[in-house]
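In C-alpha cells below, several structures.
In what follows, chain A forms one complex with chain B and a second complex with chain C.
And then the complex of A and B:
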C-alpha cells in the first residue's frame, strides 16, 4: 500500500462553509497563530517551497556546479520526448482501467457480502489482506507469481492444458502493463469492497426490501436501485483510485523498472530515472517532466470534480 | 428451482475463486518463508516439510533486517508522533476558530493530497542536501511529517468540527486557556479519531518507498522497504530467504490490523462514505 494511494482516500471536498466557533466577533489571533504555525512551517517548507523550486528548476539546467537559465528548452525537448509520452499513455491507461476494474468487482463482492453469504466476516478479512502489504512486497511477490517456469499463473495454465498460453508475463511488451494493472486490481479491490459494503449497510433497508417485493430481476435491482443509491461512494472511490494510479511508482520500480522496452514506464518511474539514475546530473529536465505532469493531473482532477458536481446539481 | 441452485453454485464458485486469488499470495509467501530455497525450488507449492522458524533469526541477524527494522521503527514512530500533534493542532484551529483565510488554508492543505509526488521530490532532495539533512533519518522524518500532514488534518478537522461548541464554552468558563482547552478538552475528546490517524499513518509510512529511496543512500539508514529491495538485488535467487524478509515487513502490519482492524478501516474509508 503506498502512502499516496491511501492519502487519496479522502474525497475531493471543496470549500465547506465555516461552521461553528465561539465568539464570531474578532478572530483570536493570539490562539490561532501558535496552533497553525507548526503545520504552516511543514507545509511551506516541505510542500509549497519544493513545488515552487521544481517549477523554477524546470527552466534551468540544474547541475551540481550551479544553475544555468535555459528558458523553455526543457519543455521543447519534452514535447518531442517519445518516452515521456509513452509514460503518460501508460499511466493514463492505468488510471482509467484500474478504477473501473477495482470498483466494479468490489461492488459485486460487496453485494455478495450484503446478501449475507455464509462466512462473511472471514471473507471480508481475506479479501482485504492484499492492501496491507507494501508495493515493494507486492512487487516481489508478483514477479514470482508471473515467473515463467514456476509462477502460479503459468503453472495453472499448464495444469489445465493451455501450455501454449504460458508466457513470461512481465517480460513481454504486450502483457507487462495489463499484468501490472491486474496486480493493482488484486491489491485494491478488497479496500473498495469494504467501503462499498459500509455504504450499502448505511442505506435504509426498506428501499432494497421494496425492490425484492417488486420482483425485479437481479440485474434490474442492481442497475436501478443499488447503483443510484451508492453513486456518491462509487464516484469517490473511482476518483481516489484514479489519483492513486497517477502516482504509481514502487510497484513498477520493483517489478519491471518500466521495461520491457518502456511498456510499463510510468511518469513517476521516468522522472525518477531522469533525475537519479541516468548520469546526466541535470535536475532541470526531470523537473520539467514533473511540472507538466502536475499540470495534467491537476487539470484532470479539477475537470473530474467539476463534471461530477455539475451532474449532481442537474439531478437534485 | 434448478436455475436457482445453479446460480447459487456459480456465485459460491466465484467467491471461492476470488478468495483464493486474494488471500493465496500471502499464504504462499508465508509458506516459502518457512522453507529453504532448495525445498522451494523442488516443489514451489508444497507445505513446509519442516517448519524452519530459525530462518527468521538468520534474516534478522545476518542480513541486516535488525538494522532495517530498527530504522523503520525510529522513522515511523517519530514521524507519526510529530504529525499527530502538529496535525491535531492545525485541525483543531481550523475547526474551532473563525478567521479570514480559514477555508483557504484548509483547501490548500487538503488539495496537496492529490499532488503527484514528483512535483516535490526533486526539490526536496535538493533542499535536504542544502540543509545537510540528505541521507539522514531526521530528514526523512521531516519529509514524512509533511507528506502525511494533509490526510491527518483532513480526518481530524472533520472530527474536531463535530465537537459541540458548548464544551469549549464550559472550558472557558472554568478558566482554561486556549492551549489548555486544546490539550485537556479537544484532544481527549478526539481520541477515537486520533487513534485512527495514528494507525493509518503508521501503516502507510511503514510501507513507504519512494521518498525513502530518494532521500536515503547509506545502508545503515535504510528502512525496511529499502532493505528488502537491496536484499532482493543481492540475493536474487535465494527465494526462501527473500520470502522470510518479506514476512518480517508484513507481520507488524498484520498484527496492527488484527488488533485495530475497525480503526484502520475507519481511517482508510474516512470521508469516502457520505
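And then the complex of A and C:
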C-alpha cells in the first residue's frame, strides 16, 4: 500500500461507528509462544547462557569450591601471553590464506566442470569426497601422507630425485602451518566447487550469449561477466570458510597438537590446553581467551558482512 | 620436591614377598554395594586383564559387593572426570597419575592413609602420592628410564655393554658417529604423539650432572637454566643432534613407530625409553612386538665426566587408582584398592604387564623366557639413586608446556639452539 492509499483510507475509517469497527490487531501470543518457546529455550540454554557465563568466568577464578572475583587480571595476563598472540597470528594466517585458496581453486574447478571437461561427473564426485570425511580421519590420513620415512609426499620427492627436499613437513616450524593449510584446502575446495557450480548453472544464459555475440573473449567473459554475477556466492563462501578456520581445532589436535614450537597452535587448541591440560580446574583464564577471541571473531564477521552489503548495493 | 634416596637392587620389584595373599582375608563388606571404577587402559589388554582379575577376586571375597568398570582411553577419561567430579557425579574409584595434583588441591580425593596395607607398597611409591602427610593414590604402574640397546649392532660397531657403569659421554658420542658412518641411525625416538620421550636423554644427563637435590631445584625454578652445568649438559645433547643421532622424522614419529624403528625397521643402536618398552616389545612380532631373536640389552645413560651423581636416574609412578572423596562407599572403595596391595597381586602385575609396579613384588619369581630380561633390568638398576618423576610430572603449567615444545621436540629435532632452550625455559619458569 502506497502512502497515497493510506491517506485516502483514513477519512473512511474515521466515519465508521466505534461499535462496528474491527478490534485493533494484536499479536496472537497464545499461538506464537508455543512455537517460539522450544527454540527460545534451546537458544537461551545452549547459546546465550554459555556466552554470558563465559564472560562471567573470565573475570573470576572458577574453582570447584567456588568462584573468586579477579577483575581484569586474566585479561592483563592475556595481554602479555606470548603463546596466545602466537596462536592468534597462526589462526588469522589460516583464516585469511585458506579461504582465498579454497575459493580460488574451487572457482577454477567449477569453471572446468561448467565447461564440460571430459570425465566431469567423476571429477565432481572425486573433488567433493574429502569434505565427507571427518577432521579426525583427514588428520590421520595426512599425518601418514606427510610422514618423513614412508609418507607419499617424500616417497614421491625421492622417486623424482629430489631427495634433499624430503622433509618432516608437520615437524618443522617453517612448514607445519602451510602443510595444515594445504590439508584444509584439499578438504573444503570440493564443497566450494559444488556451490559455485550451482551458481554458475543459475547464471542468465542471455547475458552470456550476448557477450558471445559481442565476440567477448573467454577471459573477458570470466572477468567482466561471470565473476561479477557469482560475486555474492563467492563472498558468502569466503565468509563461511574464514569463520570455520577461526574455530579450527580437530585437525591441529590430531596432527600436531599445536607443535612444533607452537607453530601450529590455534586459539582453539590453546584454549583447550589451558582449560584441560594445565593441571588446574580453573576455567577463568581459558574463558578470558574465549571471550577475547569471541570479540575478535564477531568483529571480523561484522567487517566482512559490511563489506558484502556494500558490494550488493553497488551491484543493484 | 619429592626426592627420596634409595639404594636397592631393582627398587621397583626386588622386595621379597613375605606376607600371605591378603585377598581372602579382606574384610567382608556387609551390605550389597556397587562400586564404580573408571579406568584408563581400554586398549592395553595385559593391564586390563590384571584389573579384571583383581575385580573378580575382590568380588569373590566380598559377596554382595560388585565393581562396575568403565574403560576409557586416557584423554577421554580425563575429560569425563573433569566434568563429572565438578558435578559431584564422579565414580567411586578412578585412574589418576601423580602429576594430577589438581585433584588433591581441590579436595577430590579420599585420604587413603588408613584402610590400605601400605606395608605391601613400595615406600617411594607411597611417597609420590603423599601430600601433607596423607596418601591419596595406590600406585600400580611404575617405570624407570632405561637405555635399551641392540647388542648385536653394538658389537658390529666394536662396542659393548659396560658391565655396570655407563659409557662416558665421549665414548657414547663416538659410537653415535661410528653408527652414522655405517648409515645406521644411532638413536630411535619419536615425539609426535607424546610429550616426553624426546627429553629422556636430556633430563637424565641433567640429573647426573646436577645430582638429586640440584636437579630438583632446577625443576622447581630455584636454579636457573643458564647455570653452567645446565648449559654444559644441553651442549652434550646438542652434540648428539649435530652428529645426526636422532631420526630425521623424530618430531612427527609416534611412540609406537619409534619402537618399531628401534627393533625392526630400519633398526637403531639405542633406544632411550621408559621400562614399559617391554609391554609392547614382548608382544608377538605380528602385533608390534620385537622379533623373537632380537638381542635386547639394557645399559645406562652416558654419564657426564664431572657428574655429581653417576648412579642417579629417574623412576616414575604412572597409572594409579584413587578414591573419590564424595564416594558413598568409602570403606568398600578402600577395601577394593587394598585388594591390589598384596605381593601376590604385585607378582601377577609383573608377570602379566612386564613393567615394574609400586606394589611390592618379587621379580625372581618370574619364570619363562622373559626372566632373563628382568634380571638384566635389575642389574642395570642396581645401586641407583632415584629421582621421582619425569619433568612432565614435576613441572606445571607453562613450564611444562614449554618443556614439551622445546626440550622434548624442537631441541632434539635440531630446531632450536642451546641458547634458545635456556631462554625459553627461563622465561617459562618465571611465568605462570
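The criterion applied here is as follows: the second predicted complex is superposed on the first by the 279 of 316 C-alpha atoms of A that agree within 3 Å, B and C clash if a C-alpha of one lies under 4 Å from a C-alpha of the other, contacts with A are read in each partner's own complex, and residues count from 1 in each chain.
Basically, a contact is a pair of C-beta atoms (placed from the backbone, for glycine too) under 8 Å apart; a residue touches a chain by one contact, two chains touch by 3 or more.
In this text the structure is predicted, and so the values were computed from the model without any measurement.
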{"item": "Partner chain(s) touched by A:104 [first = chain B, second = chain C, both, neither]", "value": "neither"}
{"item": "Partner chain(s) touched by A:259 [first = chain B, second = chain C, both, neither]", "value": "second"}
{"item": "Which superposed partner A:276 touches (first chain B, second chain C, both, neither)", "value": "both"}
{"item": "Partner chain(s) touched by A:178 [first = chain B, second = chain C, both, neither]", "value": "neither"}
{"item": "Partner, of chain C and chain B, that touches more residues belonging to chain A", "value": "B"}
{"item": "First (chain B), second (chain C), both or neither touched by A:168", "value": "second"}
{"item": "Chain B versus chain C as contact partner of A:198, first or second or both or neither", "value": "first"}
{"item": "Partner chain in contact with A:155 - chain B first, chain C second, else both or neither", "value": "first"}
{"item": "Chain B/chain C common contact set on chain A", "value": "276"}
{"item": "Touching residues (chain side chain B, partner chain A) in the complex", "value": "11-12, 15, 18-19, 21-26, 28-29, 41, 44-45, 85-87, 89-90, 92-100, 102-103, 105-110, 112-127, 142-143, 145-151, 153-155, 161, 165, 168-169, 172, 178-179, 182, 200, 203-211, 213-214, 225, 228-229, 232, 239, 242, 246, 249-250, 253-254, 257, 261, 265, 267-274"}
{"item": "Residue ranges of chain A in contact with chain C within the complex", "value": "63-65, 77, 82-83, 143, 146-149, 168-173, 256-262, 273, 276-281"}
{"item": "Chain A contact footprint on chain C (complex, rising order)", "value": "78-79, 82, 85-86, 99-102, 106-108, 192-193, 247-253, 396-398, 400-401, 404-406, 409-410, 413, 415-416, 427, 432"}
{"item": "Residues of chain A that touch chain B when the two form their complex", "value": "1-4, 6-22, 24, 27-32, 34-36, 38-40, 42-43, 45-47, 49-54, 57, 62, 105, 109, 112, 117, 123, 125-137, 140-142, 144-145, 150, 152, 155, 186, 189-191, 194-195, 198-199, 202, 232-233, 236-237, 240, 243, 246-247, 249-250, 253-254, 267-268, 271-272, 275-276, 283, 286-287, 289-291, 293-294, 297-298, 301"}
